[in-house]
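Next up: the structures, one after another.
The two complexes that follow have chain A in common; it is paired with chain B in the first and with chain C in the second.
Presenting the complex of A and B:
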């Protein structure tokens, strides 16, 4: 079922959690809501589930106005980070819960419920564990029971709130791959919340990047990675190097470096920041215009060599990654290199810190050094 | 240190040291405070023999008192289960002005001298008291009846339910209720199928504590009960009466009977809980 979100607003007291969210989700899509803590992604998910009443805006399931429906009538499958399994019930009773609470006229027969539970447990690869209690299961198994329980009601949409957040790295990776497979088999429209960009990029058809209650960018994995529309998105998807410059026409002159970069796309004019990922630099010869820097640190990690450079003109420190093939064998600390960004994004110069960035940056020239406190903003109590 | 002692004797060292001194202390303490006085009761009453005890407790007056003590305590504990659980629920789930003040009031029956409580309740519920004067025209008499006994026992038992249910209820995650709601469960289904089973063991414990307290209650009850023999006279009062008549054997016979019945009831409740936990 396709889902349309129109102008959704939500406040928690003075905190503006959702500031006008518009979003279309296609039927059968696997969509990730990605953002730092407090960005509103969980609030949006809970609003879709009906657990947070909206201040304004509408949510449509197909042609049905879900905003008019109670939580119970929305028929959404919600999976929580902490599983939220009913501890006093067996795995069987947990999965059967959604069917067994239906009123008598809509409730399937006992045999039909049993058959459905069995099929779902087979689907989540937990056949034979019907009689166990949640306390007797591992974290990964619990989350699969929670998923089977959510699927039992044939939800209009499957909502996953940081589903792998409580699991260890290895299990998380397995479950991720398994969920992707399950999604292609069952085809439920699925929305999941995560703050792990790797998870979002690996799993989702499309990624919605949220920040401070707004959507920063919506796009496929390639879209958001290759064409980040805002500095926030660029920063959230990886640690960027930020170089100050001035843009005129299709040229950018980097401050104090006399380096001219060509930029084909339409770009902001005047004072700009050039964002480039560590891997998107090349080493150039002395005859080509580039940024000169002195090697401060060399770190070899497998096929990559990570270099920390101090730029000669600005004394700014940047980090670049070069593959073994492109590297010279006998670099030493103190050597001088000339580098040039291969791929980069250009944004108008931020006057002050535009948005809290999730990762602390060492960029003395720009004064951006923020961390977002890791608080879950929720209306509890 | 203890592990080393165990190891030197060639026993498997325990992960947590100090079992022997801890167990020894526990048994000694329990003996001094609980077991020896109780054993004294049985020793004193054993002079009567089983038949002697049977003869004492089957006299109509003693039997009526025992029936009242246990019956009223049972009813009071049931009342507390219902209303105490509601109070706990409200404290956990809602904020309202003066919540901390009310929270402190709950514990007052713990601290108040029971005689004070008894006198206050009697003043309220007697035919010319604030509440009693309203109920009197309706034909309901509380003070100086068995109803009064139940009222006093309910008063002193309330904190036991509230304070045992409250922390367990607080632990029932909001997630569980939200999960149930998204699965289509209405409020009453969530309460009866998700929340109630989670807090049931705590409610049973609270019931047992409240019941035990009410059975042993003396001070507050004797003021409101009126103490008419065979009608509103509780067993603990009868023990005092027997003592004042120098009928020590009779007194200990009633005491031993109360002990045995209380012990069996509490044991049953504990076994029930252990059984419920295993499921």
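Presenting the complex of A and C:
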């Protein structure tokens, strides 16, 4: 079932948790809500589930306006980080719960419930464990029982709140792959919340990156990674180097030396910040324009060499990663290098406010630029 | 969880689990090899830091002893961490002496005094009409107060732990009020309300009947004094359990009542029973508040504790101690039931052991 979210607003006291969220989720899509804690991703998930009443806006399940529907009437499948299995019930009773609490007129027969539970347990690869109690299962098994329990009611949408957060790294990885497979087999519209960018990028069809109650960017994995629309997204998906510059036409003049970068896309003009990931630099010869820096630190890992450089003109410190193939073996601390960003994103330089103004943050319409400003202050610090 | 049940269940499970591995059951995909968590924990730890400095042969011996690992510290007589024998014995003696003098001796003396003139006199004491009336009244007061507080306490704990609302902190403070106020003051409150000059008395006297110096007053005072027991027992337990189970249940389509009866109640049942026992013990033993509102009318408004005092003041020692022994016996039974619950459901009660 497709889901439309229109202008959703939510306050907790003075805290503006959701600031006008608009989002379309296609039927059968696997969508990740990604963001730092406090970004509103869990609140949005709970709002879709019907656990948080909205201050404003609407949520549509297909053609049904679900905004005023109760949790029960929404028929969503909820899966929690801490499983929330009913401890005093067997695996069978847990999975059967959603069917057995139905009114007598709508309740399937005992045999039908048993058949459905059996089919679901087979689907989540837990056949034969019907009689166990949650305490007798491993974390991964518990989460699969929770998923089977949620699927038992044939939910309109499956909502997973940090589903792998309580599991150790290896189980998490296995379960991620398994969930991806399960999703392609069952085709339920699925929304999951995570703060783990790797998890979101690996698992989801599309990623929604949230910050301070707003959506910063919606896109496929490649979209958000290759074309981050805001400095926040760029920063959240990796640790960027930020270089100050001035943009004129399709050229950017970096503050260090007289480095000129070509930038084909329509770009902001005037004072800009150039964001570049550590891996997106190349070493260039002295005849090509580039940034000169002195090596402060060399760190060799398996296939990468990580260098920390102090730029000669601005004394700014940046980090770059070079593959072994592109590196020179005899680099030493104190050597001078000339580098050049290969891929980068350009954002207008935010006004350097002396201190963030809390009142301005609450003003609708000004939000995005201030979000950027705040972010920039944080990045600089 | 029920430890006894586990012991009987886990061997079957591990056998079942092993078979699954043999046929390559996908249920084992997360690598637990079908061994339940309990069984895995019971296995000896592979190595311990204390073995680090030993030679190869010593490690082999040490590994065998690893099977009794939880008990090992008791076996070591380490002079570094224990006191000299005479100090230890002295401390144990002081501890036992204190225990006997202040706890066992009074309890014992109650039974000794009660039986001083033989079993015949002991049982005769209960044959007296006023004594029987006192026992009956105590049971009536508890039978009304405990179920009512069960409902009030459950409602209060449910509201406080599962919902957010304004004035929550005030409600928690109010629930604690009977703990902090002297029982005599609690009794006086009812005298002020329902006494001859009390503001509620004119209407109540005409329409409902006598409250003060009658059974309703005693029941009211008992309810007031024992109010916090069940709520206080449940709040930490329910706070620890959070609301996710309830949210899961609601999202699966269960109604509020179904969620309460099928999810919340089973989660708290042992803590609830524990709270009921404590509440009952206090309801039967309450003296101060009941004394103020009772009026000490023999055969009508005397509860057991009050009756004991009257008998004692009249030098009827056998009678006084006989009733006292019955009250003590009821308390001991409550304690025994409480210990039994603690032993059976230690993990669920752990969060609530504050009294």
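Assume the second predicted complex is superposed on the first by the 350 of 381 C-alpha atoms of A that agree within 3 Å, B and C clash if a C-alpha of one lies under 4 Å from a C-alpha of the other, contacts with A are read in each partner's own complex, and residues count from 1 in each chain.
In the analysis below, a residue touches a chain if its C-beta (ideal position, glycine included) is under 8 Å from a C-beta of that chain, and two chains touch if they have at least 3 such contacts.
A quick note: this is a predicted structure, and the numbers were derived from the prediction, not measured.
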{"item": "Fit-or-clash call for chain B and chain C when the two complexes are aligned on chain A", "value": "clash"}
{"item": "Touched partner set for A:97, first chain B, second chain C, both or neither", "value": "both"}
{"item": "Which superposed partner A:153 touches (first chain B, second chain C, both, neither)", "value": "both"}
{"item": "Which superposed partner A:127 touches (first chain B, second chain C, both, neither)", "value": "second"}
{"item": "Touching partner for A:72 - first (chain B), second (chain C), both, neither", "value": "both"}
{"item": "Per-residue touch tally on chain A - higher for chain B or for chain C", "value": "C"}
{"item": "Touching partner for A:138 - first (chain B), second (chain C), both, neither", "value": "second"}
{"item": "Which superposed partner A:51 touches (first chain B, second chain C, both, neither)", "value": "both"}
{"item": "First, second, both or neither for A:82, with chain B first and chain C second", "value": "both"}
{"item": "Touching both chain C and chain B, counted on chain A across the two superposed complexes", "value": "49-51, 71-72, 74-78, 80, 82, 84, 86-88, 97-98, 101-102, 146, 149-150, 152-153"}
{"item": "Residues of chain B defined as touching chain A within the complex", "value": "95, 173-176, 178-186, 189, 193-194, 197-198"}
{"item": "Chain A to chain C touching residues, read off their complex", "value": "49-51, 71-72, 74-78, 80, 82, 84, 86-88, 97-98, 101-102, 125-129, 132-133, 135-141, 146, 149-150, 152-153, 170-171, 174-175, 178"}
{"item": "Contact set on chain A toward chain B in their complex", "value": "49-51, 71-72, 74-78, 80, 82, 84, 86-88, 97-98, 101-102, 146, 149-150, 152-153, 380-381"}
{"item": "Complex interface listing, chain C residues touching chain A", "value": "1, 9-10, 13, 16, 20, 25-27, 29-32, 36-38, 242, 244-245, 247-255, 258, 262-263, 266-267"}
